[in-house]
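Presented sequentially are two complexes of chain A, the first with chain B as partner and the second with chain C.
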Partner chain A sequence: MEKSAVFNNRLLPYLLLIPQLVITLVFFYWPASQAIWQSFLREDAFGLSSEFIGLENYAALFAQPEYYKAMLTTALFSSLVTVLSLSIALLLATQADKSLKAAPVYTTFMIWPYAVAPAVAGVLWIFMFHPSLGTLARPLRLMGFDWNPLLNGNHAMTLIIMAAVWKQIAYNFLFFVAGLQAIPKSVIEAGAIDGAGPMRRFWTIVFPLLSPTTFFLLVVNIVYVFFETFGIIDAVTGGGPAGATTTMVYKVYADGRLGGDLGGSAAQSVVLMAIVIGLTAIQFRYVERKVQY
Partner chain B sequence: MTIRHFGAAATLAAALAFAAPAQAVTEIQWWHAMTGGNNDIVNKLAEEFNASQGDYKVVPSFKGSYPDTMNAGIAAFRAGNAPHIIQVFEVGTATMMSATGAIKPVYQLMKDAGEPFDPKAYLPAITGYYSTSKGDMLSFPFNSSSMVMWINKDELKKAGVAEIPKTWPQVFDAAKKLKAAGHATCGFSNAWATWAHIEQFSAWHNVPIGTKANGLDGFDTVLQFNSPLHVKHLQNLIDLQKDKTYDYSGRANASEARFGSGECAIFLTSSGYYATAKGTAKFDFTSAPMPYYPDVQGAPQNSIIGGASLWVMGGKKPEEYKGVAKFFAFLSDTDRQAKLHQESGYLPITRAAYEKTKADGFYQKNPTLETPLKELTNKEPTENSRGLRFGNMVQMRDIWAEQIEAALAGQKSAQQALDDAVARGNATLRTFEKTAK
Partner chain C sequence: MVEHRPWNDIIAYTILTLAVFVVAFPVYLALIASTHDAATVVSGNLPLLPGHHTLENYYRAVFVGGSRTSREPVGHMLMNSFISATGIALGKILISILSAYAVVYFRFPFRQTAFWIIFITLMLPVEVRIYPTYKVVADLHLLDTYAGLILPLIASATGTLLFRQFFMTVPDELLEASKIDGAGPFRFFKDTLLPLSITTIAALFVIQFIYGWNQYLWPLLITTQDSMQTIVTGIKKMLTTTDELAEWQLAMATAILAMLPPVAVVVFMQRLFVRGLVETEK
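== the complex of A and B ==
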């Protein structure tokens, strides 16, 4: 008797794949191809007239100084948010990994912010840091610090970075805790017996063994800052002041939905899509080599 | 509810449905963006209209914020199931009117339906915003407001400001006194940055925002608000921002609370702030006309409106249009308009309703509600003060505000900021012109 089942039907594997393929096609490839097609068109908001204009949308886009500014803003914003949210989450996770009695409670509390919708998170931060209404902004101002995210671009940027990091820490924390728990205690104990201190044990044993988790989170976080921070920016700064917090994804929204320029907006999403695909490819090609599974 | 009860209820409901007279009631969908008390007003209006006759049924549905409602309408139109009536904010006007075929102009609707309709019965300062250059009304004004200056009388008295300031120099002086008297973070401020300092400012001083009567006469309009007067005003604000005699409050109206909390004793914002002010301000307050520069000839001119109007979507059946026309006639009724105005604080849209409210002595008791009307009807509107119609106006405001913010933050000179705002705005107008052909 054979132990493994043999399926002679050649169609079966494809049939089993179909649900997944259909979902990918309908929800990913179809909208993406629509965006690419739309980026070559000039349309009014109502779709009454539509004209093929080739690469005109792209030409107009790359002639805008604001677009390069948005690229720089995005680079700054995404690197800061990724680095901060990953490192703070890692620090908190290592603390939660210690054998504390209250560790489960602590872990549960840490996960909560992830359940908060980005727009709600944004409003929350406004209530704390609005220059004249914010509960935390008032003491800042009383201490003589001229906190004003309504006019000062750096303050506005700080504010959305704090909000975006705060929101993402919970998610990263969860994965880091799971990653840390999967590291065999015996390896760490062996290190301790050999006389390695806690810091040394962390950097030479824990951190390398955690690298698959870190790598996964890096990819996910970059996608997060590029796309999902939109709700926070929209609620907190609306891209202002003076465009200081207009990231690329916010500009897609501003030009398409507020400005009614669907073609230009589609061109921007295509560029954005290309950048994120490129970044992810680079990560898998070069960063993944350093990952130890 | 148990299953048995549910079954009984269902049977009853079905019986009632069958028992209803078989006469066809034409449904009219009305999408709107009104929240809170204003939402109740919308629902009440629909109920009253439905009760007043049996042929048509207006069904209001709330679709979110102004941009959300407009986008929902556009998406529905693209999908072929647009509502009959959609409420669109004033800055969406150019987008709506450029969509020939997607909308049914109100003047035509009333003519086709044979409803009595006299365009002269409406206040020109309000309908002008929603009419063609020939005076044909395209959409039906629903909730209109204008910008006024809100005054905290108690604080002004404390600071030794005897009279409510009328001109900008007087406002600056009063703000300095207020600052000296303890308002360290805000001498005066305003909500809706560009509405205050570009749109209303230009109309009130009878200077153009753009050519072609601020875009009312054609989409090939070019922005012009980088004139010496505009630059001078922005320069004054920049100077005063340095020590917070003036303090910027953002692009929208979230900062209106700075007036209600007493932080800012002079605050320019919509006259529609009245209900909130009444509810939150624990001091004696009033509204005054917007300030002006006395050295500008002819100032003050008249203010322009903000708010929203009702657009009728195209491609519907004649009997449905008949119902919409009847509904608009119902809304225009003098008593109803007067009541709506006095209850909600929206401006009345007909002359008769304004006169009636005046005759009732309502403004003697509520002078704050008459300020915007006095501003709007201050003088016969000119090319520069009839209104404005720029494509992509929603985003345009952000583009302008960005430059004002850059100037107030000291990154750019007043001239440079306004030049850049005009240049970028013009680029946006040209994109719009290409699609609106």
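== the complex of A and C ==
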């Protein structure tokens, strides 16, 4: 896509580009290349000298049992949050789609959690489920269930999953409602004439036609869980107890904050970059295909 | 609808209404907690109806700050959040509308290169390159400044792509007509393109304001003085006290205040919000 009518100034376009290019170079390319470069270096404790050590930082990283644990935690956390928030949002969106008149009203009541900061969402959920003062923790304890997210890793994981799902349903609901409304009613009517009941129509007609939306949301949700849930984890568990909720992004933060191993922290950043680039590439391939439809 | 069964509608309304209440419950609880005194809140036996300490709690949170933590009053944090969120939104709009204008309406060497340099930033959120970016900001002496809070977060391609997409839909005849009228690049931009872009600008502003307001990791890293922290980072610090008792009623009042501006934006500017959300994802 190109414009046929354009201006012919020579200098002006560069002047227009300068602000964005300068900010991008200083705050994006420079730090990103620093991260890659540092991941091949070892600095002494005072940061005075550094030597090139090739892939040693990566080797050290992948020799750490904690790193595999963080990868596993990330995989578990992101798949559960993604599957739960997508399924709940799809269930709610199909209900809202049944009655077009009510859909906009419910949309308003469903989408606002999108605007709540992840860290604030985390604070709300830890307050509800705090072992000693949480309103919802008390009934759990009265039922004889020893609920304690501050000490039990599985409970902590459950809590951050609930908070992350709570926040993400809004976004998925919005896109699912739009996706459902874009499905031609005639296709569904044709299914009904052939004698397919509501469940069968959903699984054989609606769900396949919705797959572009679902796939798009899948990628967006994974990226969300990777990066934007940092605030939830920091507010609710701080990566604990005993590292049970330390995801890969949280580990970059936690290791770097303790100082010291700059090279190792940079290597972690580079691994994350590779994962995000992979995810984005998948997303773009998919978007291209959608355009052809 | 294909078949109309009343019970079908009833099920749908029941499920949706239930969902609305479940989704709202955490916020309702926070709202209730912010109206009671400390003793009631920490007792673990929080009533489900508002108490009588509303004004006291909010007054203390906004103007005084907690007594056990020597933290900034929330009023100041709200202002920091407001300045940085507005700065991020306006900054991003400004640099990206200019670069999109250059890329779409001019032909010049390295045009594609410039576009790709900007485009690649889409791939890496700030969380991935957090410490190197911190070092750059520290070297530029921007720690604990608004510029440090704002600038690294506007280095992204979403705005440029959005404006580029919109400019491509503007008919070429408009530019030709302006040229015949003798308008140069400045006048065409100011008199024709900018008025047409108002809705796109507003949609981008809404999305970026929320994005900026809700930032957590970045402000947490680069603000060392309490006077520069934003409200979202401030809440967590209220709960991390050396004493055994955090002032939950103040933290909850702060949480309510922290979510009020972005939630209000989403609810009252829903149309723009949805538009911005859908278009920045394309």
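List of remarks:
We adopt the following convention: the second predicted complex is superposed on the first by the 221 of 293 C-alpha atoms of A that agree within 3 Å, B and C clash if a C-alpha of one lies under 4 Å from a C-alpha of the other, contacts with A are read in each partner's own complex, and residues count from 1 in each chain.
In this text, a contact is a pair of C-beta atoms (placed from the backbone, for glycine too) under 8 Å apart; a residue touches a chain by one contact, two chains touch by 3 or more.
These numbers come from a predicted model, not from an experiment.
Of the two partners chain B and chain C, more residues of chain A are touched by C. In the superposed model, A:Y14 lies in contact with chain C only, and not with chain B. Of the two partner chains placed around the shared chain by superposition, chain C is the only one that A:T135 touches, whereas chain B remains out of contact.
Shared-chain residue A:A35: touches chain C; no touch with chain B. When the two complexes are overlaid on their common chain A, residue A:N154 makes contact with neither chain B nor chain C.
Contacts of A:S186 after superposition on the shared chain: neither chain B nor chain C is touched.
Once the two complexes are overlaid on chain A, the chain A residues touched by chain B in the first and by chain C in the second are 132-133. Looking at the complex, you find that chain A touches chain C at residues 1, 3-10, 12-14, 16-17, 19-21, 23-32, 34-35, 38, 88, 91-92, 95-96, 98-99, 102, 106-121, 123-125, 127-128, 132-135, 137-138, 166, 169-171, 174-175, 178, 185, 188-189, 192, 198, 201, 216, 220, 223, 227, 230-231, 234-235, 249, 252-253, 256, 262, 265-266, 269, 272-273, 276-277, 280, 287. Listing the residues of chain C that touch chain A in their complex gives 1-3, 8-9, 11-13, 15-16, 19-20, 23-27, 29-30, 33, 41-46, 94-96, 98-99, 101-108, 111, 114, 117-118, 121-125, 127-133, 135-137, 140, 151-152, 154-156, 160, 167-168, 172, 175-176, 179, 184-185, 188, 210, 213-217, 220, 232-233, 235-236, 239, 248, 251-252, 255, 258-259, 262-263, 265-267, 270, 273-274, 277-278, 281-282. In the complex of the two chains, the chain A residues touching chain B come out as 42-49, 60, 66, 126, 130, 132-133, 141, 150-153, 238-243, 254-255, 257-261, 264. Across the complex, chain B meets chain A through its residues 67, 71, 74, 77-78, 95, 98-102, 185-186, 241, 248-252, 254-255, 257-258, 261, 263, 391-392, 394-395, 398, 401-403, 405-406, 408-409, 411, 424, 428, 431-432, 434-437.
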